[in-house]
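In the two complexes below, chain A is the common chain; its partner is chain B in one and chain C in the other.
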Partner chain A sequence: MDVGVLGQYIANGLMLGVIYALVAVGFTLFFGVLDVIQFSHGDVLTVGAFTALATYAALTLAGVASPWAQLAVVLLVAVAAMALLGALIAKYLVLPLRNAPPLNVLLLTLMLGAALRESVRLFYPQGANPKPFPRLLPADALALGSFSLRLDSVLLLIAGVGAIAAVHLVITRTRLGLAIRAVAQDAETARIMGIDFERVVLITFAIGSGLAAAAGVMNGLYYNEINFSIGLLLGVIGFSAAVVGGLGNIYGAILGGFLFAALQTIGAVLLPAIFPGLPSAYRDVFAFAAVIGFMAWRPTGLIAERTAERV
Partner chain B sequence: MKKEGVPAFAGTTIPGLAGIAAVAVYSYFFLHAESQAAVLGLVAAAVIGVPVLGRLGWLSRVGASLAQHRAAGRIGIAVALLIVIALFRSEHFAMLMLASVLFYTIACLGLTVQFGYAGVVNFAGAAFFGVGGYTSAVLGAQLPHIAVLVIGGLLAALLGSVLILPILRTRGHYAALITVAFGILFRTFIEVNDALGGPQGLQVKGMNLFGWDLNTPIGEWSFYANYVLVALALAALAFVLVRRLERSWVGLNLDAVRLDETACAVFGIDVARWKILAFTIGNFLAGVAGAAYSMMTGFVAPNSFTFADSLIMVSIILLGGVGSLWGVALAAAIVLVLPEKLQALQEYRFLLYAVLVIIILLARPQGLIPRRARDYFA
Partner chain C sequence: MRALVIAAALVIAGNAAAQQKQTVKLAFIGPLTGGVSANGIGGRNSADLAVRLRNEDPKAKYRYELVSLDDECKPNVAVQAATKAAADNSIIAGITHYCSVTAIATVDTYHKFGFPVVVWGAVLPDITYRNKYAEVHRVNGTMINQNDVAAKFMTGLGFKRWVIIHDTTDYGKAHDKYFTEYLTKDGGQIVGRFGVTADQQDFTAELTKAKELKPDVIYFGGLTPIGVRIRSQMERLGINAVFEGTSGIKSDAYIEGLGPKLAEGSLSFIEGAPWEKLPGGLFFTGKYQQQHYDQGPEAYGPFAFAAASLLMDVIDKVGPNRKRVIDELAHVKDKDSIIGKITFDDHGQNIVPLISKYVVQDGKWVLWEDSDYAKGKRKLK
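On to the complex of A and B.
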């Protein structure tokens, strides 16, 4: 295979990996503090992307022309709005079900996801159609032989890695992070130590949902198009990535995100090479089949959650 | 509904039969209602009336009476259904709705065995339904249709068996991921597979049982009436199968596996074996229902078997009350018929389901008709 095409695949794979990792980190954070799966996470991402789009439209009306200013405001509004939404979801939908069977929370958030998705489709103007997402990053490309490196991809990649690194720093280096880790380890004991449990949970949900909004904006900037159902697949992929990496572990989520992107890329490159005539659309089939096979091999993910069952 | 709450006069069959009659009359008016105002009025009547009746204690009388006279109750329900079918025999829409409700009930009974009894979650119900549908599309022209139905079920069970190993090795959220991934994998696969018609799907031949072509109407009847009768027979079979399963020692083992795997293993119950059994039976039922349903609708397409459709099946189970068989039938009727009748809501269908399920999870997690505790001496 041509080196340039291969480079293109790798660049694309890395980009997908960062987006997946951002989503997966959210799943793993929520699971850490509350032991629940917040399945509407992917749709929070969609709502974040559409919030960004609406903000962009408002900015254009207001006459702000500088793409950098637009980008900053759009990103800020989307992240802040989704952080708020995430905290609200935690407070009014997830926390009240704390003592219910875990499956009820899974179902509730699945349904909430469906409700968010449908609301975007029905209530955003022409929400059922794919929407063009503005190009806010410079479109210059650096030609390296047959491989052209898009500047916006590089910037997005750096921003994504930066966001994950920032969250990692917050979790490992701050008092807040200490509180989050304490709640994740043992909520009961954390409370005895004077940690405000509900506050920590709400902040964690806010951080995770903010990351999802960032991922939504990145996804929009990269593909220049969003639609109401992007969150469904991204949510499932992010969940798969978090589970494959090992729920509750932030490194696992990052690893899982890149692993899933690698699987998709391998599926897109190798399948047509091995079986000529097979459309590359099979790459998702391949990736999900690989996830199912992987779960049979490592049932609790790469970096396994340590469980001891109290009988 | 506890034993001590049963009033003294519950010994007669009258409250039970009156309850069945009331539901039948209500369904008649509901299916008959043409104007949106009438439909909305009936919905409002149910939303307000049922809690009021519950407050007055009438519902528990009906429940107690039906619990004591199971045979009379079943015959009453069958007669009531047949009367409703006879009244609507020439109306395509009502018959199509009834048949769809019955086919979905069969599929959801399958999911009940998995989820309600053994506690194996399955978020790919629509995928197994779809396996059955595509089986009848591909084999419908070559084999006798009774065999196609069975093969549809067997293929769904066989495909499901691919998931058994990962499901057995995982628990809780990890197991949920496997079925979610499978559901999406299945849909993507049929969408990109040109041999199976791609996104456009395939045509399916109408059902033909032992020379009886169901697509030819009998006299003035709608041809859907034929499907209603077949669906009713299949649903009755599935119902009896699942009910017998529940009441047998198999059901006891399944319940034990759901409630506490560790304790089961300690008592020598083979957890893996019962999970495999429940998962296989459930997928078989979903496959059979899918095969029959597709013969009725005449085509299959990837868009009918999406993750959202799997979620609808799960919400039917939850709405009815996890593990409750009559609950499944009632919830299937509500979830499928209500949006079709309320044209204004058609567009908002998924949003409505989603909000409804969220409210139920928050306010009444046991469902509309909660499953009763086992009672072998009634």
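On to the complex of A and C.
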């Protein structure tokens, strides 16, 4: 394999990794503050991507032609709308079930995910078909032999890393972040200390869901196509990545995201090379099997949450 | 006043006559939800159109009712839907399945229940040829002829190196098998082969490998949703090869999903005469538009229309009795329909010798012979 091709695999893998990490960070945030698994997260991503697409259509109708202006508005609307949706999910579905068995929240959000997905299919015009996503980033390509990298891929990579870094800064460097961490560590004590528990939960869900919307838009810009079921697999992968990394730990989620992307790429490339005749379709089998292996090795994740569970 | 009374009496009498007609139920089964639902809904609408037109016809012996069931393009769901339709004695026959995986999964069910069906879209040869079930028929052709023509046509254009990407369902694997068989015979070289899952999103790893193999053509055996993704990601990775699909991507959804610019030059092959050029086809499109369905008929809509019309003709002739319908279907020969003549062989397979070749030109599927590509004004790249 020449260096160009290797570079191409790495570039592809990094891009996938960023998208997975964005989704995984959402899962980890939700788990951090409320110890719940929000299984409709992947479908929130889908709704975010479709909101972006609808906004783009509206902008085109309104005569806004500059791609940068379009991108800014599209991203802003999608992120804001999903942040609101996330907060609503937290307020009306997750918080009321706080004292119910965790299984209930899991089932409820699983069903909500199906409802969101089917709503996109049914209510978005011709929502069952794959939709072309506009190219809003410059597509100049850098070609070095067999290596081809487009400017939009680089920009998306930078934006994705930037988004994760921004969330990280908010969590570690701001008063809000301190409140989130306090709630994550011990909700009762945080309350006694005067932290508005519900507000913190809502904001956390808004941040996580906003990130999902950003991931949805990135996914659209990268693949130039979205469909109503993109969130399904992304949700499962994002969740697995968060679990492998260590649910509740933001670094773990990022690590898990990139790890999963690497496993998939390796699976797709190496499996058919080692076992001729084995279709690359087995890459997911390989990646998920490896995840099972990691979980057996480190049940609490590669980077475990630091707080100990008290009984 | 008297005229009014007479007119009213006539209307009431007419209605009464219509109401006296016995109602006969037909089942439509196809993917009404999920990734290929555009095709399923197009088929359902087309079958519905056939039923509506028949009910408007005063000469029809029965009033028909279409019962639509969703198979989600999933074998297990399809078997449930098939069982539901076949177990209901008021349903006489079925217009069944777009996806090959569902059509092949249900043949035993139909056979067990003695339920006559006409497949309207699935192209896997085994559906009619694995068994010899008197209940199972198919108005569209199989993928065998499709791939034979495709291989000859493409090698004829001078292409030499192929990478095959196919989904790993029975459908995609069979496309791979038959295309490989014919392409090798016609002197084409297959430099790489990738089996991918039917719901995969990211193909960059497979395509990076494919790029390294420098193919002239990327052949894709699968359905529209992943066809769109693969074509789109080919461009991202700078792969300069012709995208050759099968009947599985012959849908408006393919062009809509990619946009006209990226879809330009994609190829597909589909059995049957180019129906849009036949008189029946024009009649069909005209009537379809009048109904204002919210989705187009897609590539296999005319086949669903033809299947429904055929079943209603047969029921009109022999009555609503499953056994007699099966006996009558065995003798269908040179029957006129909007897709050309229908003749079932001893496996219930319509013998359609003709395959139509299509290429995307300016955002539309254009018959190859009519395209700028055939005339040499544009070049496949």
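One rule holds for everything that comes next: the second predicted complex is superposed on the first by the 305 of 311 C-alpha atoms of A that agree within 3 Å, B and C clash if a C-alpha of one lies under 4 Å from a C-alpha of the other, contacts with A are read in each partner's own complex, and residues count from 1 in each chain.
Convention: a residue touches a chain if its C-beta (ideal position, glycine included) is under 8 Å from a C-beta of that chain, and two chains touch if they have at least 3 such contacts.
Since the model is a prediction, treat every value here as computed from it, not as a measurement.
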Task = Return fit or clash for chain B versus chain C, each positioned on chain A through the superposition.
result = clash
Message = With both complexes overlaid on chain A, does A:E118 touch chain B (first), chain C (second), both or neither?
response = both
Task = May I ask you to decide whether A:V5 touches chain B, chain C, both, or neither, giving the answer as first, second, both or neither?
result = second
Message = Taking the superposition on A as described, I'd like to know which of chain B and chain C A:D284 touches: first, second, both or neither.
response = both
Query = Which holds for A:Y223: it touches chain B only (first), chain C only (second), both, or neither?
reply = second
Request  = Tell me which partner A:P272 touches in the superposition: chain B (first), chain C (second), both or neither.
outcome  = second
Message = Applying the document's definition of touch, where does A:L233 land relative to chain B and chain C: first, second, both, or neither?
response = both
Ask   = Is there a shared patch on chain A that both chain B and chain C touch, and which residues make it up?
value = 118, 232-233, 279, 281, 284
Query = In their complex, what parts of chain A are in touch with chain B?
reply = 31, 37, 93, 96-97, 100, 102-104, 106-108, 110-112, 114-115, 117-119, 122, 232-233, 236, 239-240, 243, 247, 279, 281-282, 284-285, 288-289, 291-293, 295-296, 299-301, 309, 311
Query = Which chain C residues qualify as touching chain A in the complex?
reply = 33-35, 37-38, 41, 167-168, 194-197, 199-202, 204-206, 208-209, 211-212, 224-225, 228-229, 232-233, 236-238, 253, 256-259, 262, 294-295
Query = In their shared complex, at which residues does chain A touch chain C?
reply = 1, 5, 8-9, 12, 15-16, 118, 121, 126, 128-132, 141, 143, 146, 148, 150, 153, 222-225, 227, 229-230, 232-234, 264-265, 268-269, 272, 279-281, 283-284
Inquiry  = Using the touch definition from the top, list the residues of chain B that touch chain A in their complex.
reply    = 121, 123, 162-163, 165-166, 169-174, 176-178, 180-182, 184-185, 188-189, 191-192, 262-263, 307-308, 311, 314-315, 318, 347-348, 350-351, 353-355, 357-358, 361-362, 365
